[in-house]
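As written, the chains take the letters A, B and C, and residue 1 is the first residue of each chain.
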Amino acid sequence: MLALVGVLVAWAAVSYGNRMLGVMAPALLPTPGDVAKVFTETLGDGSLPRHVATSLARVAVGFGLAAVGALALGLLAAMCVPVRLMVEPLIEFVRPIPPLAFLPMFLVWFGLGEGSKVAFIGYTTFFPMFVAIAAAVLRVDVTLLRAAASLGAGHLDLIRRVIVPAALPGIIVALRLGFALALFVIVGAEFMGADAGLGHLIMEGRNFFLPAQIVMGALVLGLLGSIVNALLLAAERRLFRWREAGASS
Amino acid sequence: MWLSSVPEMMEWGLQGASRSRRSVLWWRLASLAAFLALWSGAGGFVEATKPFNPLFLPAPWVVIGALLDLAQKGQLWVHVVATLERVAVGFSAGAVLALALGLLAGQVRAVRNVVEPVVELLRPIPPLAMLPLFIVWVGIGEGSKVGFITYATFFPMFVTTVHGVAQIDGRLLRAAQSLGARPHHLFFRVILPAALPDVLTGLRLGVALSFFVIVISEFVGAESGLGYLINDGRNFFLVPQMLGAALLLGLLGYAGNGLVRVLERRVLRWQHPR
Amino acid sequence: MKIHVRGLSRTFVALGRETPALLDVDLDVAEHEFVCLLGPSGCGKSTLLNIVAGFLRPTSGEVVVGGRPVTGPGADRGVVFQEYVLFPWLTVAGNVEFGLTLQGAPVAERRAIVARYLELVGLVAHAEKYPVQLSGGMKQRVAIARALANSPEIILMDEPFGALDAQTREVLQDELGRIQRVEHKTVLFVTHSIREAVYLADRVIVMTSAPGRIKQVFTIKLPEVRDRFAPEFTHYESEITRVVKEEVAKVHE
């Protein structure tokens, strides 16, 4: 907390100092005041909430679709050896290609509307989540399976009552990371071929030479990511209370 | 055989029995062959029946053809070099800064207390959001692209370096001191080697991130580079060119990653002597 | 015979190399008998147990339990593992009633059985705790209750007290002895502690070093409640130690 204040003070000092000393064009180095001004303006006229909602919606839908796919295919790949053997090389093939390299192609294929953004987010987040989910399921301890089987568990019981609960923490982590990745990429995706969203807002700041708008957009984005991450972590902690090291009596 | 049976699961868990290297290789080749066959089939079908503009789903040979065409005209090389240059310079700068500050921060409390809050503040902000700022500050030239890569790669490499130093077992240092080591000995002969695994992992992340972000910075305000090639293809729906450039980018990223891995294996030979 | 093993062999194949773990083992365990498998590391005692449990398949030979040949794991053969292997997402009560839940037994019946076995192992007060909150000894007691609550025909125990410190170990040996006097289960128990074997078993089977065969069988004629310091006890201990030492020397050659 103290650190945050420190950074704020440093920022203020540099930017206001610059204003007074005239080292760089004042517009180039926005002060906290400038940024706050843009923030309240865009909040007031409703444009900021609109952009935030647009970006979040794209992320949510794209991520949601990818998550469902990654869960289904991840479980399948983990439990079925031939599927895994066939899919592994393809993943290795696609992995080194930066997802953003496909953005223009998505724009060509799906046009400039929401579809292309959602499809792009879906594509970007699917593969890492799929790999992580399959890995989480594969990591399930074989002795847990043995213990359940010696208590009478059949194939279906093993999946339902052992594999899924045991892999769940890892699966949730995979989903959390996928969402973070989605937020990471949405900005870039909204730089081109978009007329709404935080990325667009930031790009606008560049086009109209408004660095304060860029900084504001970036800060809002960072804040958004932190909030969502904190919420997901809190949900994780509640769901998996059984993981916490408590005092043994 | 399809879904692991219960007895199979009992013996080896979900991973299944370990397979020989030959069978793994065979499956890999079969999978890639199947993928290529599928792609070629789909592409050939589209070319033949033309349900939509065949450029939208080019067959493998069309993509390769587009790349060769560019290579022939001497244009491909220019773009590849442009991208590689930016990545190399940006990554190196980011690495040097991250390593220097990271090693310092890992040992000197004061430095850490100053740098870490800034890092923690900036980390949640997707670096991509800062790209326009770089462009506004430095203009559209090489400087902004290289600077941006440096900025983006600095954070993860800094964090892993600090962690690499922080996780060093204090007893290693004590053991060295009781053998007569002085501060510079400690740094070069204990801290550096002990932090190296984490540092190298960070470097690998940095390389991957460099390629990740170079694309977007070459979309916006560039006249050369593989990213530029991809985005330029949009104007005339040159999907073969776009796909080809993307694949090339993947290849370069893979090679970069491989280079660091080779470095890792040589420098960290003590981790897996065989 | 409750457990009937004939000509059991198991060879492990890893990356082209064959390692014989068990060679031609014959074994019979009567109902209500408590039998210990004893031997140096690598003698195949755990492999034998895993085959009887149905976790591994033999390379040759047969295993029959309660008149039925063993083809895989099942509720008729309960297992207690060295690493406890409790289900971390379930409470103590949840773990103990796991087998009953699978059978679909009515809730009231399940609760009654769970209460009975929690009382037997002395953990009634901890029924709603999670495994991560328990000590090693407590976890193992839950594991034992879990296996017993399922009413298996036999119980297999693979070095169940191996992960515990010496004091807790002896406490749990006493506990197990007490439980066995109440439950009278048929038990196959793997250990490398001679003291533990003499304390708990009706018969002690000493195995050779790899490939594992049965070296010698000792019938322990001691009263039900045993005194670790009685001369008869110590006599058995030294007898068995002598035999085991021969095999241990071979491992370290």
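Heads up, the rule we're going with is that contacts are C-beta pairs under 8 Å (C-beta built on N, C-alpha and C of every residue); 3 or more make two chains touch, one makes a residue touch a chain.
What you see is a predicted model; the values in this text were computed from it and never measured.
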item	value
Chain-level touch network, classified as line, ring, star, complete or other	complete
Pair joined by the larger number of C-beta contacts - B-C, A-B	A-B
Maximum centroid distance from chain A, chain identifier (CA atoms)	C
CA centroid of chain A to CA centroid of chain C, Å	48
Centroid distance [mean C-alpha coordinates] between chain C and chain B, Å	51
Approximate Å spacing (C-alpha centroids) for the pair chain A, chain B	18
Junction residues of chain A, two or more chains touched	141, 146, 149
Touching two or more other chains - residues of chain B	6, 10
Of all residues in chain C, the ones touching two or more other chains	54-55, 72-73
Complex interface listing, chain B residues touching chain A	1-6, 9-10, 12-16, 24, 27-28, 30-32, 34-35, 56, 113, 116-118, 120-122, 124-126, 128-133, 135-137, 208, 211-216, 219-220, 226-227, 230-231, 233-234, 237, 239, 242-243, 245-247, 249-251, 253-254, 257
Interfacial residue positions of chain A with respect to chain C in the complex	141, 143-144, 146-153, 157, 161-162, 165-166, 168, 240-249
Complex contacts: residues of chain C adjacent to chain B	14-16, 54-57, 71-73
Footprint of chain A on chain C - complex, ascending	53-55, 72-75, 77-79, 81, 83, 85, 87-90, 98-99, 101-103, 126, 129-135, 138, 146-147, 150, 152, 156
In the complex, chain B residues that touch chain C	6-7, 10-11, 18, 20
